[in-house]
Amino acid sequence: MSDGRLLYLNENSRKFAGFNKEKSPFVIIGIPMDITSSYRPGSRFAPSSIRESAQYIEFYSIRNDVDMGEIGFNDVGDIILHPSNVEENLSRISSVISYFQESGKITISIGGEHTITAGIIKGTKREGLCLVSFDAHLDLRDEYMGYRYDHACVMRRISEYGVKIIEVGTRAVSKEEIEYAKQKGILFFTPQQIRLLGVKETARRIITSTQECKSLYISVDMDGIDPAYAPGVATPEPDGLDPTNLLDIINLIADKRVIGFDIVEVSPSYDTSGITSVLASRIILETAATVYKARSL
Amino acid sequence: MSDGRLLYLNENSRKFAGFNKEKSPFVIIGIPMDITSSYRPGSRFAPSSIRESAQYIEFYSIRNDVDMGEIGFNDVGDIILHPSNVEENLSRISSVISYFQESGKITISIGGEHTITAGIIKGTKREGLCLVSFDAHLDLRDEYMGYRYDHACVMRRISEYGVKIIEVGTRAVSKEEIEYAKQKGILFFTPQQIRLLGVKETARRIITSTQECKSLYISVDMDGIDPAYAPGVATPEPDGLDPTNLLDIINLIADKRVIGFDIVEVSPSYDTSGITSVLASRIILETAATVYKARSL
Amino acid sequence: MSDGRLLYLNENSRKFAGFNKEKSPFVIIGIPMDITSSYRPGSRFAPSSIRESAQYIEFYSIRNDVDMGEIGFNDVGDIILHPSNVEENLSRISSVISYFQESGKITISIGGEHTITAGIIKGTKREGLCLVSFDAHLDLRDEYMGYRYDHACVMRRISEYGVKIIEVGTRAVSKEEIEYAKQKGILFFTPQQIRLLGVKETARRIITSTQECKSLYISVDMDGIDPAYAPGVATPEPDGLDPTNLLDIINLIADKRVIGFDIVEVSPSYDTSGITSVLASRIILETAATVYKARSL
Amino acid sequence: MSDGRLLYLNENSRKFAGFNKEKSPFVIIGIPMDITSSYRPGSRFAPSSIRESAQYIEFYSIRNDVDMGEIGFNDVGDIILHPSNVEENLSRISSVISYFQESGKITISIGGEHTITAGIIKGTKREGLCLVSFDAHLDLRDEYMGYRYDHACVMRRISEYGVKIIEVGTRAVSKEEIEYAKQKGILFFTPQQIRLLGVKETARRIITSTQECKSLYISVDMDGIDPAYAPGVATPEPDGLDPTNLLDIINLIADKRVIGFDIVEVSPSYDTSGITSVLASRIILETAATVYKARSL
Amino acid sequence: MSDGRLLYLNENSRKFAGFNKEKSPFVIIGIPMDITSSYRPGSRFAPSSIRESAQYIEFYSIRNDVDMGEIGFNDVGDIILHPSNVEENLSRISSVISYFQESGKITISIGGEHTITAGIIKGTKREGLCLVSFDAHLDLRDEYMGYRYDHACVMRRISEYGVKIIEVGTRAVSKEEIEYAKQKGILFFTPQQIRLLGVKETARRIITSTQECKSLYISVDMDGIDPAYAPGVATPEPDGLDPTNLLDIINLIADKRVIGFDIVEVSPSYDTSGITSVLASRIILETAATVYKARSL
Amino acid sequence: MSDGRLLYLNENSRKFAGFNKEKSPFVIIGIPMDITSSYRPGSRFAPSSIRESAQYIEFYSIRNDVDMGEIGFNDVGDIILHPSNVEENLSRISSVISYFQESGKITISIGGEHTITAGIIKGTKREGLCLVSFDAHLDLRDEYMGYRYDHACVMRRISEYGVKIIEVGTRAVSKEEIEYAKQKGILFFTPQQIRLLGVKETARRIITSTQECKSLYISVDMDGIDPAYAPGVATPEPDGLDPTNLLDIINLIADKRVIGFDIVEVSPSYDTSGITSVLASRIILETAATVYKARSL
């Protein structure tokens, strides 16, 4: 892999469940950027921690009747990052992602802070692109403490790139973000609404809203899930999604248009029983299985 | 603040989310009493831990469409406590509470062990007062190991003061407590009953039962919540309430009669991922927002 | 107790909640075998940890209106185990169990890894015996890494003994295990199915399926429960049972035919807030209360 | 053991390394009193934690060439304590201690907070009694926060009983305590002095100072040791003794006059690697071996 | 305090041991910058953690016979920092420091990462300034991963400002750093050399080397100390200083020329028993006491 | 690498500090065997944990003036192990070791429990082989709980192979082991003796005792070191070696005859601050640097 865009790719990391299957349609990329998190740092350790926990899960998806153990993953390693320059890092991420997406791969990015999604989208063909983000927060601030590339601003930046955004799990917001969302027509679902609507109706509304999209990207900020299930995150926020609902929604909305997804904001130092990393592995597995099945049909 | 009743108030503590808004209707008081807990001590650290976690939450309440960031809180500090004399401490608590309630403030007390609620109620005008307590336990023992001011006896003492008590989340009880509750007409709801009745019917029954009350007090023993969501408590008890239901019930029953509430029994040493303190902060925020809205109507 | 089968029983352990009631119908046996766990070891500490947590729970079962504090338990201590010879250990377990079951006792075994259940069943009269296992895994592999007495093979071994098996909570499986289960008519319920069917219908199907059984054995691999509620297990697996459902199902299916049950795979080192051990204590208490009540009718 | 003084003795606890040897000259008593600790609570769990860690150490003392595994210990259980009444508890402790000392036993008390030593001394024949205390603190305050039976006052109380006191490891003191010590002729050694004098000269001075004593009591507040070696204590204080020096000093000063000793202030919740409890076990073992050998000569 | 240089000072933090004594010669400033740490993040929490641990230590210095409880500290709060712009932050730090040093105060800065020392020195009158740094590392790299303001480069930057540097505790270095140190005449002492020379001779050499200095600054990177005593640091490095030696050296070299000092690189998330924060508090106390005494003579 | 002896070598593990230098004289092999540990399990995670911590240390050895960053290591991966069959595993270890030693490599084995050393020695040419073991225990039992391949028996087995053994750090022993050692002429040094003799004299005696040896093997059971420095071990034992002395002794005794060494008994679950793994990395680095330098002369 000698393309110039891979200059900052370090292939020597631990592999996701030991997988190194070059022919797999799924490429795994670790992006341990952990600079702007305001509360609990440590997402830099998430790629390593999630890869390790993946060693102990079963790779057969009952939900999809797909054996991901056979399909495998191509874990290409971690992106090497600048210690403090976020914009430089977004540019490195963008290069690596564009390389793999042009190679026809579905990219699975393991953060790192949510900000990385801006870099991923920069590296993605954005015409007709829609993004579904699971998150407790809207991340729609224009700036945070004077800075426009904070994790609290990432969906604002992506929205400015012209990507259509739908947010699921919303519950910790500022008034300004809600107003921006309404003004820009950004659909969001609070956990309370999802409990009222049910998983199927929620999924139906997302499907309707993404009907025109040419490609889909899914971003899973693990704080979208309730802290009981995902305690090891940078910014835990009570009253969240339960993992079953998240997996069910992804199962219903992900189809062959999905060009990539990410799992961000896991902070292993606060994941004292390791259950957040295991859950992240399981979400990767089930999302990949759903996409694989959708593409096979 | 030179009233004699504030002799034991130490104003120099960390502030709840940095709030120090003197004009706020909400006064926050730390009461780190941690003497009689029989199992896992450490509730003495809860005021500090909950105040810190509050720094990282959003202060806008979607449930109530109220921005508590604007209304703010007046964090007046911690009560200085005697190392072992519970009755002396209840008297100190009573003085501070009576001062602030007479000043027209809604007091938010952060425990410490549940015993503090006896001191709070002592400092409260009790005519027509009703108390709704969320708790895994009834706390209706006459004495515990020969002692009448243990946290396992607090609702018995308050009941003896003539306050009407309703308990929510009950599941770890002795036979004697159930008999006492039945004999005294103390209504209680087990999580199983709440699942059967639903949140709305549960709330309706509590509302009916408190119709005659002139003022309301809410006590949240965090062990009322299931340990998955609130692991950092002195006495975890499985098969409990989920936070959404607790927040929904408070949202339905709290009205302008609420003169104060407390959050007790958080034990930060056992809250290894910090999620119990964050949840306590969120309960404070949502309860205050509900009360604020009710008073504004 | 001088029967030769008790040669390897060490009576000097800590007692379950301090109970030592010889006349109780319930015998508690610690079996700290912790050899084949592939992921997170430490189930050797579970008997001690669960016994300690039991000191702090209330022994009155609201579900059954039975006061287990009065009935009590006869905690006979731990089985002394060989450091690495699993088959030798299964034989020791078998001896101890057969002694107490022949004495007419209901045995409550606290593991240790799931493999111990093979030893228990070896020591049990197997004619007409049926086993209901709560587990994330099917444990139906023929061998694991070349070994036939691994915890991942335990239900396969027991199935080979001619015992009818029903599994509840299944979600992490290999394709081979599913095929074996189907071929042998082993009924299993995924959490998704249980959510669809509801607890009552699930229980009804288990009851139907066990109608012909002469005796019942219940095995609770704590990883059957969702990691939010039981983080301290050897192999956490997301998207699991919630404890309320598990307790409700046991409450519906356990009757006077139950001759014993076990709690296995708790790994206290990963139970950072101690909630898994408390839950295990509560499951022991409620299951015993249900069985006691069934036998009293 | 039906003496009235044993009313509050609960024999059903876990045993120290499983020992229950009635003929041993050494009696072990757990005293889990944990009421007045101002900083990090949890010494209530120390008797259980130290007893468990003792299961894994070797019982042969190289220092003394004595096999304590042969001599054994008679672990008689824990004293049952009042939840908040310190003085009542000191009286219970006093009764139990006086019973065993009158029976000619050497009592090894495992705290709990340092305050228990006042109860132990109350139960001891005090004529000609001298006490050597290893502690970072002098514990010579007259009162602490208005209370005279706080752990910070224990040596003051014992000094008032007329017992001669020598303190070793002193480094965290108030000016008043130093003045009191000087005025009353209470000898104390800071770690700096011990480094200058050397272990042998320090021991020589203690021996000279205790020459007239008829009986000796040794109290080991684990915070006397440096927090690197004993992190799990209620009040860690840097720049302390290393365990080798403490063991060497005890080895030199303990002789046949020793009528008992205690280990206090271990707080297992803060002993994250368990090394403080193991060290406490080792100190118990070595001190007992030294005393045993001295009595055998 | 309305000087423009205090724009980014947030006065509302928790106070060091509750101290707020405006007349004290010692100003405490929290600088929670935590951006470039390559290994274990979390130094952002150190100011809060160290301030809390200070509540529980005694303020009398036996080493200096000075009661710091009487002299007190003026804790002015934390500097508000940009999420990722290190240079902007160094400029904010520089402003605050210059204000307090011009006011004649001795500044005690609590980091945050070591990089903050560059900001502090920028805000300091540098003519004749010498800096003594306790550190496992030389921090003399020209750049780290392409960045010149990394914590691994801080002494290189300060050296470029023309400040004379002496390093103590050196043991984890690159060859380039050693060569740079030799070339620039930067004196450094490895722990091995200090063991050979002894504390007094080491101090004598430092005193000789700083004889011409007009003012002194002391920087304590807590990783200079051995990880046994200071486990909670960003980059633990074995074979280090013991705290007694560090305190003794500071005691010998600090005199009335000291214009400030800092404690950096504490990472509370890894300080599982809290002993690193307590040690940091004790170093602050003893260093201040030494400086106070030197200025009083 | 297609030699049959490498059948059980899994090359896909994380690399030691990312090193994969095939030409290095040093081969690193992970041997995560964790079956017979009687106390605190988890050494199975040590190879992964030590490799990760190595990423953050400097590779220049001041002690030896050797830059191991240039020389590098060839990390060949982990040995795949049977879940419970110790003897089978020793045979797999023996095969892999014999392959690399025949290839002229110096093998650095990262355990796993101490038992692995028996497998390593089985794979080593034993004529004239001497082994220096750093350990709190003698590991000279004939059997432990009926089993001859327990970690408490490993030096007994190796002694029976005819290898000369010297033990350093001995302090937790049974009387039988001491007698066996004396009878077989196995030299051992307690930490007390080493403090008396000094490091140089201790080393001199070891050198004298190994003068006739044709090749040397060094085994570092991390519990040889004091638990303050190495808390994360299976069996912590107070009053141990400090790491400086251990590194100094290795530095003095290791010469060009060294054909391999191992680091065993690290238990990362108990290494809450990670300092044990960092220390293990540093010991590997310094030992390799010493051997490299000795071979270069």
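Think of it as A, B, C, D, E and F in the order they're written, each chain with its own count starting at 1.
Convention: a residue touches a chain if its C-beta (ideal position, glycine included) is under 8 Å from a C-beta of that chain, and two chains touch if they have at least 3 such contacts.
Here's who's who by UniProt: A, B, C, D, E, F = Agmatinase (Agmatine ureohydrolase) (SpeB-1).
What you see is a predicted model; the values in this text were computed from it and never measured.
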| item | value |
| --- | --- |
| Mutual neighbours - chains that touch subunit C and subunit E alike | A, B, D, F |
| Required minimum of steps from subunit B to subunit F, each step between chains that touch | 2 |
| Self-contact between copies subunit E and subunit F, residue sets same or different by half | different |
| Fitted rotation between subunit D and its twin subunit E in degrees, CA, nearest 5 | 120 |
| Maximum centroid distance from subunit C, chain identifier (CA atoms) | E |
| Chain pair among B-E, D-E or E-F whose interface repeats that of C-D, sharing over half of the contact pairs by residue number | B-E |
| Distance from the mean Cα position of subunit D to that of subunit A, given in whole angstrom | 56 |
| Approximate Å spacing (C-alpha centroids) for the pair subunit A, subunit E | 40 |
| CA centroid of subunit B to CA centroid of subunit C, Å | 38 |
| Where subunit C touches two or more other chains, by residue | 38, 226, 228-229, 270, 272-273 |
| Set of all touching chain pairs, with the criterion as stated earlier | A-B, A-C, A-E, A-F, B-C, B-D, B-E, C-D, C-F, D-E, D-F, E-F |
| Interfacial residue positions of subunit A with respect to subunit E in the complex | 34-36, 38, 41-42, 44, 80, 82-86, 144-147, 149-150, 269-270 |
| Subunit F-facing residues of subunit A, complex | 10, 12-15, 18, 20, 48, 52 |
| Footprint of subunit A on subunit B - complex, ascending | 56-58, 60, 62-63, 67, 226, 228-229, 243-244, 247, 272-275, 278-279, 282 |
| Residues of subunit B defined as touching subunit C within the complex | 38-40, 137, 170-175, 178, 190-192, 195, 226-229, 231-232, 235-239, 270-273 |
